[in-house]
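Across the two complexes that follow, subunit A remains constant while its partner is subunit B and subsequently subunit C.
And then the complex of A and B:
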């Protein structure tokens, strides 16, 4: 780590992936003269290029060529094949197609969907909003629930803690699909509180956000409580108590900050959970969104759409890891000098 | 989940505050509206590009074809008032209605129909239709605004079926010229139909409002004039349990695609109605690959069919809601040969005798039959996106049966489209699973059975069979076609056993009792559009 803590420090619990993203050893560091912001931009672009190229190669290596997929299970004659090849320029060598793809990408042209016969940019434009709403709402649900439950139960009497802990375990272990179905059956089909589908009405967001947010709440809650309880054993807590602070103030003002670091590190992880879970949640609740488009595109090997989704996800990850860097510095004063 | 419930409203209020909201649109002219949950989201709304039978129910809301199928399976007038076929079967003269306008105000006339036909022949627009349905098409001429003459290169008995299919849905010539995403369809690709597609939210729903000037339904419709419903929304809910839950809780009024497990409870519910119809085209069948062992031996093909008790398998997989098939042609087709009923299947002793005779006499440690040190293994490779109706479970049930009764090792692989295609290209399969929903079964047989058929996966070749199929396609005499297709069916099902028909696919509609006028398209057996649907109080 760039910011190795000096020895006489209270031991704080270590996050599972303690390396802040800028110091990942596996990635060659751009030259120092570039300056920090530019360096970060260059490595972000490199990550995007690597993601795009890996996805391109993976799709290329998957069995079946594009013509097969465009033919589908319908009629298949040499005449039909020749027309498809001509239409999509599939007779050019792979390297040429790859380079021309990258070239168009640089100009912001994501290409045309093989399956949907539309510009990929146009297809995705309508889908980003609903997915952003869903994942942000789910993240809000997950984080809020985790905080509420962790603060309420950390270091408290055994029974509420055990029940909450068990609930968190259930939320983490049960597949999102099942959580979604159970929520639907109880709150939509039986009680009729929330509609089953639609993205227009905020009410329709409640159940999908819960289905997607509960697993996040489960893991985050466990990590936060663990962190809180360890922090509460530290000497500084005794000092705080000796100043006459109440239990709630000790937890909220002092211990929570220490418990946050591992929890914030998990943000990267739960971005993945949310984007991946969106695929299932969107299909189950009949919501529009990137997940559904991505799933359709992958099963149809609709290369331009898959590529666009991969690049978009990589961009989200890069952005989040930059934001995390900043968050670490705000939460942990020791890192500010780095 | 209990823990979460109490905190729910507070947390979500905050989470949702930032999210924009759209008020649901109320019917513009005070008429009734309907919400219908469908399983499959169409890949395209352009009728010329239509390829999904499960999405057929949307096409004729927005578009009208030139002809329609009547209840008795004959052709009836639609946008074409009448039609004449020349004696040599090569010239079709269509008299068109003169009172039809497209939804964008363009007049419907012979030039518009010609523009549609020419568009379909344009390279790169729809290669499949150009090569299959329009293979015989030569030229179209607008003789007068209401008269169109189509000349074929050779007689084609399936041309009228094409004129009644979604491909003959008439798109405004203005849309053909100007639409931004013509192949994808949508609000700017307009037709003459009873509803106007005005909103499509990918992944969620498509919304139609009534076309107030509509007055040209196909002959035999229950009413004339504009549709009863002011608007209709189709929601895309791919999960069957969610569709049924949405129906029983009153959030949608109609669902299609009802799973076998829910049919009984829906039928018992007095507030709901249930109906189903058998699809047209071909039955869901296993096609045996005759190009290499073991299915190059007719006895092994017969043995496989005898080893399966189809009735028992269908009862356990579909709870008795699936209709057993006896022929490759679905039994709703006028060409179905009923004499095939009961001609094969479910005779374990016969299966074993046939396999013994074919030399598969040894047994290995796992109980499978062996010949010359090779196990009796047959593989089916299905592409996951096209597996529907629990056909994966059905295959497992058949797998268990052929193992138990005859010692056949049936390997079922559900894979991605690319892998499936590779197996077909490499001839690395013994069984090909398929059903087709063509409204004219002959169109499906032309793809599946002839030597150079576009989906011939049996590699079976027989000049006489090809001759019958070609003759039946060229003929427009129903009696002659029926006689020829009867020969075809007997040949492939009874004599050569290259096909193992399993069940006739069907479509189901469950609806709230207040919804009247639902039904299925004649012949195709897929749910009908909502032109005749109304809601009673």
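And then the complex of A and C:
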């Protein structure tokens, strides 16, 4: 998570032009019903491969002996060194080494942490739960807040809109750890409403989720409001109003869906924010989780764990962006092939 | 209930639904001294309009952009716009006093009492929802029929507006339908709750001429079925066929109001006369602007027809055969769709070749081929007898000043951040800086614009001024060929006429060849020496403009000409 994976850009955000006269397709396209999803999967696989290879290259290119790197600050005995050489195939040609590394990844084998004396897969599996809980809660907080504020203030020039958009700007500009510290100071130290650290009870989730979710709410809220306001100026909204629809129905049935498109594009971005932010937030609130594991692995130079975290983040990112692509198609019928 | 409604929607209506005579019945809408202002921007869009619509009557509001016609119509259903201030000395809508209406009363009237049809159904229907969902929305909002009966009612409504395969269409989205079909669907949604009044705001402006004729027939059918119509249009000829009464608006005021025939044949107000005279189809091949154009160059003399044009001395040395730009056997396909199919033409110096056709006929693709922006799959374009389309871009670039383009919407083709001075001087990079400014002022003068505009940005100009700037920019490189792709389609008729005159003037002075592309037959007829009629990428008819318009040989040309709305003689 510390090393950001190469971010696959969410590709489509504007309606397609079926026959753009200026950019004629130069190769025959695969059948329409198969084309887009298949191409998407191929590119997703390519991104994952690139992430895995980058991690591997980092290991090879780092100064020093590969075995030293893999051992890190852990116990350094001849037995362990021999085990590393065997597992990583360091006595074999480089191409074979690389291919067997990819092969192991394909089988879900992330290698072994020689410091923790544990399979990396096991190390991560124990930590995925708390991180998933935190990021999902933060995403829920961010999305819910953004929707509520955008719908409540879109198209109104009155003071609530100004206050809300100022608050959003603050939430976006202040670093997450500062938000976290302020939340801790007010709600834990002064008011004592929430525990300072740990992940034992659900209450302990509130402050970290807020600290992580507020910046997301800030950006998403601005984008949603902008999208709503733009949609509310469109002729189809006049048509909807001319049918006798009230303001709430106009927003809910018409404008909101249009505002969703740019917001969905942002989902890819905030997945990155959440994954990256989890590292700091988990450390700040003393929560277990992948972020903390990654931090510890980096500071202890536990290379196998770091590599696994990079690959895992890339996998999450790629999965989300493939899902986003599907979401676009569901929201905007113009993106489905005619 | 359903049966009755469908009969009502059909054109063959019984005596019970015959139009109600306009006299002696309480009007649907009666407003006196309507004023609509937008305090935020300080604009007073409507300044004292009085208007009444009787049941079954068709009233047309005609005027150019900014005349306040749309705001007037929308104010009648309480949709004048956000921040609008609406006042009137008397305002009765649907039997109630609209001056006392709150949002709830307005909402009850909208859809139920009055339906609204806007210009382009691609954006006036929600592009993310199916056509059926849009129609169902009206049925649900006013609880016209119980939920289980709604799909059947949607089908019946689509059928009533002449949509074939209504079940299939109801499940489709606007972008999957043709322009005519989606406009029909929009009308179906507007009449779903059987309103007594249908407000149609430029209902055919985005449509091809043959489709326009169909939609106008459909609206006339609605009127015959007893629905009152308020038609808003910039085009007098469009309303001529349907309207009982015409109100001509200008600057927020009604300047003329009377029975349609009277207003259209014996106008009393100068502005109405000017509007009528400016309709290009009414005046083949002569100066179109009724008032002298703003150009300093005298435009009083209409451009004479010169049979021996190609003999005219050409400063750039046209090729011996006389054609500046010639195309032979051009074909282009986008994927499996053939956009241009075996098209040939020759364009001589000082000549105007008009290209007419409906949307999708390949006109714009032809323009791109002529400009050398698109390589043909087959065939060739030659410039002054030398290669043009076949050249590699690097060798074509030095020749590009000779072929310039004027696009439909300069707002899209200008960088909005550049000033007029920079836009016009853009092709003049060869000149030293101080000369550039001089030349830019000179060019603005040629197109009838004052030098003060040099510092303005495109957004601060009117539509006509923008198009003049576009022409000035095209002239900057002293082109031999001007390719005009729908150059006046976005302009009001009176402005349109001035721009057309300007093009004719420039041609008369410089001997420029014009490739003039338009969907508007009147405009093409006004300017062209010869015409190509295109359909589905092919040229179906070609010849002398006068001949083609007077004695069309191809059935499609005849169909196109027949579909053009006409003013009563």
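Note that the second predicted complex is superposed on the first by the 248 of 338 C-alpha atoms of A that agree within 3 Å, B and C clash if a C-alpha of one lies under 4 Å from a C-alpha of the other, contacts with A are read in each partner's own complex, and residues count from 1 in each chain.
Definition applied: a residue touches a chain if its C-beta (ideal position, glycine included) is under 8 Å from a C-beta of that chain, and two chains touch if they have at least 3 such contacts.
All of these numbers come straight from a predicted model, not from anything done at the bench.
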| item | value |
| --- | --- |
| Subunit B versus subunit C as contact partner of A:268, first or second or both or neither | neither |
| Touching partner for A:121 - first (subunit B), second (subunit C), both, neither | neither |
| First, second, both or neither for A:62, with subunit B first and subunit C second | first |
| Touching partner for A:258 - first (subunit B), second (subunit C), both, neither | second |
| Subunit A: partner with more touched residues, subunit B or subunit C | B |
| Which superposed partner A:276 touches (first subunit B, second subunit C, both, neither) | neither |
| Which of subunit B and subunit C A:111 touches, first, second, both or neither | neither |
| Touching both subunit C and subunit B, counted on subunit A across the two superposed complexes | none |
| Subunit A - residues contacting subunit C, complex | 15, 19, 21-22, 24-25, 29, 155, 234-236, 238-246, 249, 253-254, 257-258, 331-334, 338 |
| Of all residues in subunit B, those that touch subunit A in their complex | 1-4, 7-8, 11-12, 14-16, 18-19, 21-22, 24, 37, 43-44, 49, 51, 123-124, 127-128, 130-132, 181, 183-184, 201-205, 235-239, 241-242, 245-246, 248-251, 383-386, 416-422, 425, 434, 447, 454-455 |
| In the complex with subunit B, residue positions of subunit A that touch it | 62-65, 68-69, 71-77, 79-80, 83-84, 86-87, 115-119, 122-123, 126-127, 130, 133, 136-137, 140-141, 144-145, 148-149, 163-164, 167, 170, 181-186, 188-190, 192, 195-202, 205-206, 209-210, 214, 217, 282-289, 292-293, 299-301 |
| Touching residues on subunit C, where the partner in the complex is subunit A | 74, 77, 79, 82, 103, 107-112, 114-116, 118-120, 123-130, 134, 137-138, 141-142, 173, 175-176, 186, 189-190, 193, 199, 334-335, 337, 339, 364-365, 368, 373-374 |
